[in-house]
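Same chain, two partners: subunit A is paired with subunit B first, then with subunit C.
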Partner chain A sequence: MADLVVLDRRFIARGVERSSALRFMFWLVPWVILVGLGIYAAALCLFYGLNQTNMDNRFAFGMWIYLDLGMIALGAGAFFTGFLVYILKQEDLKPILNSAVVVGLICYSGAVAVLMVDVGQPLRAWFTFWHPNTHSMLTEVTFCITCYLFVLILEYLPVLLRNRQLRKVPSFLVFEHQLHKLVPVLAGLGAFLSFFHQGSLGGLYGVLRGRPFAFRQGFAIWPSTFFLFIISAMAVGPSFLILVTATAEAVTGRKLVQSTVFRKLGRISGILLGVYVALKAIDTLVWLNVTSRAVGFAPWDFYAYKPFGSALLFIEILPLGLLPVFLLTLPMTSKRRGWVLCGAALACSGILLNRFVLTVQTLALPTLPFDEYLQYIPSWQEVATFLGVIAYGVILYSLSYRYLPMFGQSKGVDKNVPVG
Partner chain B sequence: MFPWVDGFHWSPNHIIFLTLFAGVVLTIASTIARAVWRTSTDFQTHRATDMCWQLNFKELPEAERTCRHELAGRVSHRTCPNAFDCRHCAQYAEFAALPARGGALTGGVSFSNELLYHRGHTWVRPEEDGTCTVGLDQLADHMIGHPDSVQLPANGTGIETSGVAWRMTKNGHEISVRAPMDGTVVATGGNADGWYLRVRPTKPGDLRHLLRGAEVSGWLAAELDRLQVQFSSADAPVCMADGGTLMPELMDAMPAADWDAVLDATFLEG
Partner chain C sequence: MSARYGFVIDLDRCTGCGACMVACAAENNVPPAAPRATPRTGLTPMLVRKVSNGMDGIARREVFIPIACMHCGNETPCVSVCPQQAVEVDKATGIVMQMPQRCLGCRYCMTACPYHARYFNWWDPAWPTGMEKSLNPAVAVRMRGVVEKCNMCHGRLHSAMEKAAAAGRREIDPADYVPACAEACPTGAITFGNLADDKDPVSHAAHSPDAFRLLAKLDTEPKVYFKSQQAWVRGLADRESDRPSEVQNG
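Then we have the complex of A and B:
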């Protein structure tokens, strides 16, 4: 045990205070148990097949795809912050950049891991690239997400190599320095890839002609959901970063970034969310009055099945859409940390609700006269895999916070605050 | 998609996709290749040592990057912007002309006015034959005492300022001693005063970056203060010792201290 404590201390940057090794281990225990449970559930699914889940031929998208869509939207903070810092030269957001990369890596690697379980046969994952379905938007999503995951790993590498012990190896230190100089290229590439795969994830629903609830008109080959997904991801990414950082501050008892960074991220998030809500409202009106009517559906047809009443639509647009826009942008509220956190939480909830509605409600609603309204409750294996991915994220973030320069902390700056 | 995939056509859509995908893959691959190639070039052209030191220096706490002129009392506050290499300092002459206010050094360590000191706790003594002798200063010597093993460079090995001169281990800790000067090792050895290198300088007389006189007493006093803080218990307030002196074989005498942090600070690891 004493050796472990010494080893732990060796990897923590000099002059930076962290909680005791024992306390940190206690913090990790529940998350490790959840990861273990998730791995067990995933192994059951991979070994026995998808009969371990409550998905079927009709309800082919369930909790995992919802998790994927949600995580990829929330993880957009990585590409968007990189874009803001390196391309638009918003240098004041630099302190949160490493944290954004870690959050992005967690979200994307978690999403890919879940996809592996969902699609099955992970050893044949390369088939997607070698024998792609040329007619599926998911093919483009798969290509982009895989490439972007590589980009995120490359962006994470300089952060990892700055660990106190790793940087003592000269070749690692020089490589880290050289790779770090090339990160702007990766940031640009990340923005390019994210633009397309965020859009294609939305486009995937928008092109479902057989699902009038999701089908949308658009421009050229892109339905309106393509653009709505891009803007919503850009809007919610900074908000999620605010929430993650605030949670880390609460858990560790330390101030990790200046409040001006929160305010700036909040304002960016709020403005983009405002654009998204406006476009979403227009899109909804066009869809209800033109697109769905053209195929014989009245607006109330989609909202006649509980619990998916019209309230869900209004909740998404008003308290989880318009309200956070005001909270994050109005001078009176955007200067107060509490309101910014509240706005960020509402914004994230709104986008998660949007992804839930598009994934679950779309498949639950009947589309043909002989169809029935379906209900889907995930199996414990699906829930366990879901929780396992969340726990993996917490563990990776905790380890990164403890051993890597996540917030560019100046040594000794946070010495006089409680040890978290 | 790809030309070998069933359903591929040489149509604009497929060609655009193929071009974009190839562009993305090439960008990722070329980024990795460029970083690897630049790293390899840095080692081949001997820039790596200086680069590592510069990067390490940036990671040092501000209190450990104090300018020599502040240590000598010539200026009230100044942080070194040149990674302790005064040969590149534009203001060196201006500050060096100011009167120094060196205080008396207490705490059981002494220094010699005949020697020149590097911040990594090594000293340099120019010899009559044009070579220089390099050794560990008294503070580092008191701290380590008798090392468990010593890895001295072979004769003919080139050393660079603030690169690694030699390595030692003590109680499971690896210690890299930084070189105080550029040169070629012509002899090595150990005697009652500790381990030493005999070095032929790359540029004779180019030792302006090393501390001397009042700068050394100011620097060692600051180092003793740092040690006192590092050795004090995390719960106890910082307090001054009442006239005690630094004892020899400190690593053996205080095995429970956070030696990783102490050694990193002493030997300038970030």
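Then we have the complex of A and C:
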């Protein structure tokens, strides 16, 4: 045990205070148990098949696809912060960049891991690269997410290699130095790839002519949801970063970034969310009055089915849309940490609700004239896999925070300064 | 050969006996339902659904509607979404083909299909001992984790083409190619033919005033037509807001 404590100490950067090794281990225990449970549930699905889930022929997509769409939207902070720092030269956001990369890596790797369980034949995943259907939104999603995951790993490597022990290996140091030169290029590449796959995830449902609740007209080959997803992901990414960092500050009892960073991220998030809410409102009006009626569906009928009524639409646009816009942008509220956190939480909830409506509500609603409204409740295996991914994220973030210079570039913070 | 195969199903003749479902399963090596399978997780490439007008007593009317893949001919929803080209429309026949050997099991095509006519193999296929001897050698068994659907008994089309080739003909004899459901229907409700051939009786029937297609307004050009002299049955073509109806899977 004593050896473990010494070893742990050796990996922690000089000059920073971290909790004792024992306390850190206690913190990890519940998350490790959840990861174990998630792996067991995923193994059941892989070994016995997807009959372990509560999905069916009508509810062919379930909780996992919702999780994927939600996580990838929340993880957009990685590409967008990189874009802001390296392309738009917003240097004052640099202190949060490493944290953004770790959050992005967690979200994307978690989503890819869940996708591997979600498909019926995971060993055929390479077929998409070998026989790609260039008309499919899912092909674009697969290509871009895979490439972007590699980009994220490359972006994470310089952070990882700055660990106190790893820096002692000369070749690692050289490699890290060279990688560091590449980071602006990677940031640009990441932004390009993210732009397309965030959009394609929106297009995934928007192109479904056979699902009039989700089907949208658009520009050229892209339905309107393609553009809405890009803007919403850019809007919610910074908000999620604020929430993650604030949670890390609360758990560690340390101030990790200057409050100006929160304020700026909040403002960017709020402005983009405002643009998104305006476009979303226009899109909904077009759908209600034109798109849905053109294919023989009375749009308000879709909202007649409970528990998903029209309330969901208004909740998404008003309390989880407009309200956070005001909280994050108005001078009166955007200077107060509490209101910014509240606005960020509402913004994230709004986007998660949007993804829920698009993935779950779309499939629950009937299409054929004699179809019935369907219910779907995920099985424990689906829930456990979901929780396992969340726990994996907490563990990776905790380890990165403990052993890597996550907020190291911000002077005067992350020492031993308890939050007041 | 350039055909546009399709069905015309006379709903006034359908008794809901389910012979088409059994014939389809036997022809296409559909395994018996797994013990834990439900109506929502079973494999029924042909599914007879019972629909009522939602009224009670003497005013109640019911109809049986056999539902299979509609083989959409325009912007086929399942074709464009498949990420690895496991679904395609055969230009020579108009049949929407599913290649289970290439299917990843992502089920995107199932979410895209407005008719819910695609089925996922949630379980490993298994037959009771001895029953495997009754399998049709012309049709490959599908494995767990892939999607399948009606392919208009493509094995039978191959046999008809082989027979025509052996006889030195380029075109098949229409009598040699009849899908199992149409062949098994005891009342002749299900008819099959070439919709592109003006002389084909099925093509005529498809253009009769009693004929309609489900969700035609989606503009996917389904190649399965239904027929009924009852106005409320024809009214099932598209979803309307105030029409009550009840449904039961056959």
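Criterion: the second predicted complex is superposed on the first by the 402 of 420 C-alpha atoms of A that agree within 3 Å, B and C clash if a C-alpha of one lies under 4 Å from a C-alpha of the other, contacts with A are read in each partner's own complex, and residues count from 1 in each chain.
Just so it is clear, contacts are C-beta pairs under 8 Å (C-beta built on N, C-alpha and C of every residue); 3 or more make two chains touch, one makes a residue touch a chain.
Because the structure is a prediction, the values reported are computed rather than measured.
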Touching partner for A:132 - first (subunit B), second (subunit C), both, neither: both
First (subunit B), second (subunit C), both or neither touched by A:363: second
First (subunit B), second (subunit C), both or neither touched by A:121: second
Which of subunit B and subunit C A:9 touches, first, second, both or neither: first
Dominant toucher of subunit A (residue count), subunit B or subunit C: C
Partner chain(s) touched by A:186 [first = subunit B, second = subunit C, both, neither]: first
Shared subunit A contacts, counted only where both subunit B and subunit C touch the same residue: 130-132, 135, 139
Subunit C partner contacts - residues on subunit A that touch it in the complex: 49-51, 55-61, 118-121, 124-125, 127-128, 130-133, 135-139, 142, 204-205, 207-212, 294-298, 301, 362-363, 366-372, 374
Touching residues (chain side subunit B, partner subunit A) in the complex: 1-2, 5-8, 14, 17, 21, 24-25, 27-28, 31-32, 34-36, 38-39, 42-43, 48-49, 51-52, 55-56, 59, 61-63, 176, 258, 260-261, 264-265, 269-270
Subunit A-facing residues of subunit C, complex: 34, 36, 38, 40-42, 49, 51, 65, 75, 77, 80-86, 102-108, 110-116, 118-124, 143-147, 214-215, 217-220, 235-241, 243, 245-247
Of subunit A, residues touching subunit B in the complex: 6, 9-10, 13-15, 130-132, 134-135, 139-140, 143, 147, 150-151, 154, 164, 167-168, 170-171, 173-175, 177-179, 182, 185-186, 189, 192-193, 410-412
